[in-house]
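Labels run A, B, C, D and E following the written order; every chain starts at residue 1.
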Amino acid sequence: ISTGGGDDNGGGNGDTDTDTDTPINTEESTEEITLQWAADTRVADAEEDVVQALRDAGLPENIDIDILAGSQVTDNRQAQYQQWLSGGRSEPTLLMMDSGWTIPFIARNQLQNLSQSLPEELTSTIEEEYFEASVSTAKGSNGDLYGQPLFPDFPTVQYRKDLLRNAGYTDEDFSTWATESMSWEDFSRVTKEALDANPDIENGFTFQANVYEGLSCCDFNEFMTSYGGAYFGGRENLFGPIGDRPITVEEEPVINAIRMVRTLIHGEDDEYALDGITGGISPEAVLQWTEDPSRQPFTTGNAVMHRNWPYSIVINGAEPSEENDQTGFGEDLGVMPIPYGVTEDEAMYEGTGGPVAALGGWHMTMNPNSSDAQKQAAVQVLRTMQSEQFQLDMFRIIGWIPPRPSLLESDQAAEVPIIGRYLDALKVAGENAIPRPVTVVWPQQSGRISQEVNAAFAQEKSPEQAMSDLASQLEQIEQNA
Amino acid sequence: MGDVTLEHVSKHYDDVTAVDDMNLDIEDGEFICLVGPSGCGKSTTMEMIAGLTIPSEGKVFIGDREVTNLPPKDRGVAMVFQNIALFPHMDVYDNISFGLRLRNYDKEEIERRVERAAEIVQLQGMLERMPDEMSGGQRQRVAIARAIVRNPGVFLMDEPLANLDAKLRVHMRTELQRLHKELDTTIIYVTHDQAEAMTMSDRIAVIDSGQLQQIDPPLVCYNEPANLFVAGFIGSPSMNFLDGEVTADGFSSTNIDVEFDPADLGIEAGTDVTMGIRPEDVYLVDDEALVSNPSRRIDAVTDVLEPMGDEIFVYLKLSESAETDLEDTSGVANDQLLMSVAPDTDIEEDEDVTVVLDRSRVHLFDTATGEAISHGIETAVQTSGAPGTEAESDD
Amino acid sequence: MGDVTLEHVSKHYDDVTAVDDMNLDIEDGEFICLVGPSGCGKSTTMEMIAGLTIPSEGKVFIGDREVTNLPPKDRGVAMVFQNIALFPHMDVYDNISFGLRLRNYDKEEIERRVERAAEIVQLQGMLERMPDEMSGGQRQRVAIARAIVRNPGVFLMDEPLANLDAKLRVHMRTELQRLHKELDTTIIYVTHDQAEAMTMSDRIAVIDSGQLQQIDPPLVCYNEPANLFVAGFIGSPSMNFLDGEVTADGFSSTNIDVEFDPADLGIEAGTDVTMGIRPEDVYLVDDEALVSNPSRRIDAVTDVLEPMGDEIFVYLKLSESAETDLEDTSGVANDQLLMSVAPDTDIEEDEDVTVVLDRSRVHLFDTATGEAISHGIETAVQTSGAPGTEAESDD
Amino acid sequence: MESLSETQFAYLLLTPALVLLGVIAVYPLVSTFSMSLFADRLTGTARLGEFVGLQNYVDLFTGARNYALPSQFLPTFTSEFPFVTNIYSSALAVTLIFTVFSVLFETLIGFGQALILDQDFRGRRWVRVAIIIPWAVPIVIQGMIWYLMFQPNIGFLVGTSENPALLNQLGLIGTTPLRNTADALFLIIVADVWKTSAFMALLILAGMQSIDRSLYDVAKVAGASRWQQFKLITFPLILPTVLVAMLFRTIDAMRVYGIIQTMAGCQTVPSLSCLVVTTFNTPLYGTSATVAFVTAGIIAVVVSVYIVNFASEGI
Amino acid sequence: MASETPGAGIGSDDPDTEQGPLGRWVDSAIKNPDRVYRAMFYVAMLFFLVTTLFPFYWLLVLALTPNNLIANMGLVPKGFNPEVFIAMFERVPFHLYMFNSFVLGITTTVLVLLIASLAGYVFGRLRFPGKGVLMLGILAISYFPPAAFLIPLFELFTGNTAISIGMVTISTPDLFNTPAPMVFPFSALFLPLSIFILTTFYGQIPDGLEDAARVEGTTRLGALFRVIVPLSAPGVATAGVLTFISVYNEFFFSFLMNNGEADSWAPIVAGILKYQGQFDTPYNLMAAASIVGVLPVAILVIIAQERIVSGLTAGALKE
């Protein structure tokens, strides 16, 4: 018995015979064909509507879509894909892939190179019309495109207008905030005021700082970037070159970001409190929170400000009703972009500073092991998914933010209930989105970042200490890659 | 301290009554044998005394204390179990010393006692064996040793010698008797071996179907059984029984008549009675003339002979049609008679013989109730007293 | 088909030799009793025949087949285990029918046979009990029934009646004999009960320490034991032994001399011999005059009396210093003698008595080797032939 | 078949087990072991890089591979007392601590539960189910229950510094216990004990039920108190079962992963299996295979304690 | 010689001295230590019941509380939302996952018990050379984290392993999305535990019973299945329950050997995870699902416990 690959090429089962970059015949075939699309439960739950949306957008009838409701838990899905693709399975043909971990798959030659195998018109549409940050997370080091963004995701800060009104703020302020980001100084002060004005509210600003991917990719990435800092220098270094880029976590903007958060949590008395920040507005609990646990106190009315992804806007912005157990704040929910530490001009690196939003979202990628017929049909599906109609439909059906910034300004988008009210803020976020620095070593680095940052937040280490520890770890990872 | 009393004790299982209203009064220091057919309730009785089974009704006393609900460990009894039940995970030494170790005896004392017990049961040199490396008899001896290392108030022994050979059994018997004397404890002993019961016990308690039939010294049970059951049960081979009727002249049955005066024994003529005679009380008449009263002679034909070494069992046919049915254990067979004769007797199968019964050892039982009416219809010559006096006063 | 042969069979455990170079030739249809002291290797021998234990050396044959390594199921044997070994998870019916069900007998046949077996062992109506709801004897009977429902070539029974009362035992004995006759199977039977061995078996195999001592018909073993061991082991109470020497006049020991002509028996004077005499061969002399040769009279004092019901055991002191040692089971005691007398004998403790030995039943053994030299120093009167002729030709 | 020698027969009966284990376990392990002899490779089609012999193992033990792991493999040793620093950031130390405490408490509690279940009382079948049922809870859910209980502002077992809950006041845990290695480890042990004591209880109970009841009769008559009956009869007779139960619990505990992942995450409470799974997912196959084999080796060392015991029990 | 004085420590028989109820209880407790044991027993039982059941209660609290209200939870549900038990089925075909888990569990359990019975018999009752080494070898398999098996097994079961027999090379069949790639690894992984359990239990059955069965005409295997296995019922049932539960909840292989769909034999854990979103977690649905998911196991335990507690009773064995 021997494994397919044999030990001479490293014991691994290289799928050397699959070609990831031969052009695919893109003519429409009339053959009946069923495509498997590894999606998630939300797609599966709305299967009928989704398929209808595809049909409306022109998907030929001979192509049937079989939706796999993969686990929504992103780690699990990643492990699954890893097995499928490295195992050379031909199904499923289309894979919905987190923009946070598409690049490692690209690096392993496990995805179809869309730039090479798709007609030019399709790829150029993506390059030209889609959120740039999103597109950048679907590209290989050669600059080729391996994924088609399906939807992006940007966090924002949600707030309770009713509480802030008690602190003297008005709708005018609210509408300013929707597009014009506040500085962290202002933000913390405002929050504190609201807390003081609403004594029964325990939490000022809630966010996520558990030791997990979300901290390194997103929450801290935002804080850091908003102070003009970066993990690896400027934006140009986000996706490499590994080992040849500076490690900049020891620099002041990063330290300041940590100090700012420490102040938010532990108050202005903290040894490393950052001047100008009003402290004590975030519960220590953030250190153990991920998205949903952090949302619960806000949803149940026990917090003023809350950083989270758009999914929670839908929940928190709903009108209280029987159906949602009288939760939701309806019109009283305000949304604003994430505050900034320094302005873009003051920022140390190009493309940092100002209001930033970590980039989430998912791409469509194609399994290179699929049969030609399947690939051919898959191209049809991708094409259909580029249709604006489809993207708007999905915004309505599932709440997927359209991957084209232009669509966020459309009337149709604004008509979408609840989230349609907050497009302004989302657009700002989208424009300022910062992807995580995904490379093949990012999974290793991410763990270290969240560990050290959390430790620094928790006063277990001084910010400097934590970041210098982190820097040496990151350096090692970079050098060993 | 060691007297054991059962007061109206019964034990019912779902659909079986194992022990039925048992009253038993055992004195301190007595050696009592419980005998009875298989399944009659002997073990159950023992278990109730030990505290392993709680009686359904009645009370158990040990010494002056009521112990009916007391746990076994507080009763001060030691027991040899019928099923042996050695601890499989302990070697012989640990099995034997178990009870002593529980009481924190010091090591030397334990060692001394175990050695002694092992000697008594002749298991020296096997103390390090595990139970599964021993023969059946050896295991049983371990079980005995396990009980006798202790000094309890009451010993309960449930067929302790069943798996031992005759010689060892004799040895153990004397050892147990010595132990009994030495420690002066009460011993309650279940056995199926008549010799054991006869030689060892102060009294024998005969049980049938959970009911006490008789409790008396061995020879009393043997010579004066209280009822048909006891008569048939004690003695091996069993007593011969013949069903018949009391006539004015005495006892009359199909093949044998025994003349006596019913009035002497206080029986009314016409009563259905069963006559019993033990095999050793049937004598072969060599010289017919010697028999004083010719009517007492019984003519028979020998059937099967069973030579036992020290005696020969002779099955006699009393009538033509008789067939020796070795299987029939009910004991009542009006046309046959078992006789035991000395091993050197000159006798053959199918020989015509004349026998007589020892009239002093003829037993009469009321057939209906089974109760004994009389033991001997004529007092034996040597102990000759005033025959019939008792009976007369009854009349 | 059912003949069983052991050829030089031995079984060694780590440090014990359970069976030692055993040769045994059992014919088809024979009823053989294995007897011997506890731990002598009886069960081990049975297990080797059954195939449960593989001999360390030697071969086992059943019928004409060598079966030494054949699994039990292919040997056509049924066995009653000494430790009973009922299947605790099956009720009595299932226990008994186990072997039949394995062989896919049809239901009615099974039912018929189980009913019949249950009847034989007197367990009708208990077929639905679980083993733990039964008494010791009842369980043993189930074990017997489990074996006898089948029709094997060979029955192996390891103390099948140990837990049964005397009456039931007699019943079972006859049942087994009947079965034996009916089925004509070989039965190999271990028992500690001398009566069982004597009455049931065609031959008795006496084993000691794993070695076969004698295999002969019961009365031969009883009357002509091959050696001291057999003489002492067979018979209960055991034979009396006296150590002495052969003189020109016969046998001479501390207290008893027996005159005879050593030449008649082919013994040289000066040989150390042990004389054996069974208790029932010691006779009380009522009228001293009756004894022809006064030198044959033995004067003694009675010591302990053990009344057994059907006989009395009398321990005789031969010398002043003698002490009845009921514990001593070696058998050799030069100053005491056990005698059995009829139950009605008029005898008391500490009485001076005169006894004689039945010279035709005096056994002589070579003390050194234990081998028998002679059984009877004078042929019994009734079978009187030409005493001494053999001896003379030898001289 | 019956005429086979005992040895032949033994091997014949073992064939199904050996074939199954050979194909499903041994073959993969051989293959995985060969993976551990190759360097990691993060780009390109092949799973593994060049052949490096035992370099992966060397790197792991010298700490040169720590960068690839979510946390250190060995603790950092110093020459000063207490000789070991940052004990909680070492996978080996965390795993051993978890193993010792969880197995210890599971055995004790399992024992107690088994003793209860062994009794005869009304409604015992329900009690039995109640005690056994935590073992049936999927780890995801077990994790969720305990995670939520200790999630500030959600569960009731932690409070805030202003408004501490009982456990906080007692100083047992901080207000964000699941992000703190020591606290989280403690809670994970508690959660594991909750779930897995039932495993012990079940096995021990089965052991108790297999004891011939007549032995207790003998012991009672010999004067044994309940405690003595337990000590002298029950315990020695169930010891083999208890050892088997503890053996497998130890092995399982040494491989703990799921409950950590669901309650606190591998970053916070690194266990040996965390290293395996994290590197596997990263995917650093060479390192992952190496850690897997080293983990197995460490388990083998720990387990040898039991093996010695087994040998002395004659199993 | 220390003689046994029965009844040491037995109090006076005088029942009604002037004591309060507690005093009386203590007094009677001294006289009747059974009562103390009884009391201790109930206290311990209560303790175990509370500690084991409390998390379930809390699970029920979570299930009944609408998800949006799950915050600052106390000991009672916030709101009462029994519809969650319907909603959970609407969201995910949970019953199908339960069915899959059940089938996988039963299949594996049967396979494991069968193979482990043979091996347990061999290890528990036979002596042969190589026994110790084999047992250690089998045990050693359970030292490895499941991940160590994954890649080769994945290839084996997805048709990527080629077997060469002489000139012919056959690819293994693609069994992905069938029960096989789960059942076999489960069996192999849980086999060592069952083998060891059964080894100890089978080893304890007295030889006499096996002997009796063999003389009655069974083969050794027959004796195993007719006598030894039934008499080891507690051990066998326990091994079965442990295996079943392990499979029922197994995650690693169940997750990677199928695509997670109910019709691809994905088990219950995959079903539970389906409730979870990328960021949002409907705790109430998951809680409800786990309560429902645990029910089959509870039923199984109820059934199996009859076996588990059907130990050997009083000495039908004369040993």
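Note that a contact is a pair of C-beta atoms (placed from the backbone, for glycine too) under 8 Å apart; a residue touches a chain by one contact, two chains touch by 3 or more.
Chain-to-protein mapping (UniProt): B, C = ABC-type D-xylose/L-arabinose transporter; D = Sugar ABC transporter permease; E = Carbohydrate ABC transporter permease.
All of these numbers come straight from a predicted model, not from anything done at the bench.
In terms of CA centroid distance, which chain is the most far removed from chain C?
Comparing chain centres, A lies farthest from chain C.
What pair of chains is linked by the largest number of C-beta pairs in contact?
D-E
Of all the chains, which has the CA centre nearest the overall CA centre?
E
Take the average of all CA coordinates in chain C, do the same for chain E, and state the distance between these two points in whole angstrom.
Centre-to-centre distance between chain C and chain E: 56 Å.
Provide the C-alpha centroid distance between chain A and chain E, rounded to the nearest whole angstrom.
41
What's the distance between the Cα centroids of chain A and chain B, rounded to whole Å?
96
When you check chain D against every other chain, which residues touch at least two of them?
2, 27, 31, 35, 47, 153-154, 212, 214, 217, 223, 237, 285
Please output the residue numbers of chain C that touch at least 2 other chains, ranges allowed.
Residues 71, 73, 82-83, 136 of chain C touch two or more partner chains.
Can you list every residue of chain A that touches 2 or more other chains, as numbers and ranges?
Chain A, residues with two or more chain partners: 1, 3, 13, 79, 296-297, 302.
Residue numbers of chain E touching chain C in their complex, please.
206, 208-209, 211-220, 222, 226-227, 230-231, 233, 312-319
If you look only at chain D, which of its residues touch chain A in the complex?
Residue list for chain D touching chain A: 27, 31, 34-35, 38, 41-51, 66-68, 70-71, 151-154, 160-161, 175-180, 265-268, 278, 281-285.
Name, in rising order, each residue of chain B that touches chain D in their complex.
So the residues of chain B in touch with chain D come to 47, 50-52, 71-73, 77-79, 81, 83, 85, 87-90, 98-99, 101-103, 146, 150, 156.
Along chain E, where are the residues that touch chain D in the complex?
Against chain D, the touching part of chain E is residues 4, 37, 41, 44-45, 48-49, 51-53, 55-56, 58-59, 62, 70-75, 114-116, 118-119, 121-122, 126-129, 131-132, 134, 136, 138-145, 147-153, 156, 184-185, 187-189, 191-193, 195-197, 199-201, 203-204, 219-221, 232, 234-235, 237-238, 241-242, 245, 248-249, 251, 268-269, 272-273, 283, 286-287, 290, 293-294, 297-298, 301-302, 305, 308-315, 317, 319.
Which of the residues in chain A end up touching chain D in this complex?
1, 3, 5, 7, 9-16, 75, 78-79, 82, 86, 104, 107-110, 202-203, 210-212, 283-285, 287-289, 293, 296-297, 302, 440-441, 443-444, 447, 450-451, 454, 458, 473, 476-477, 480-481
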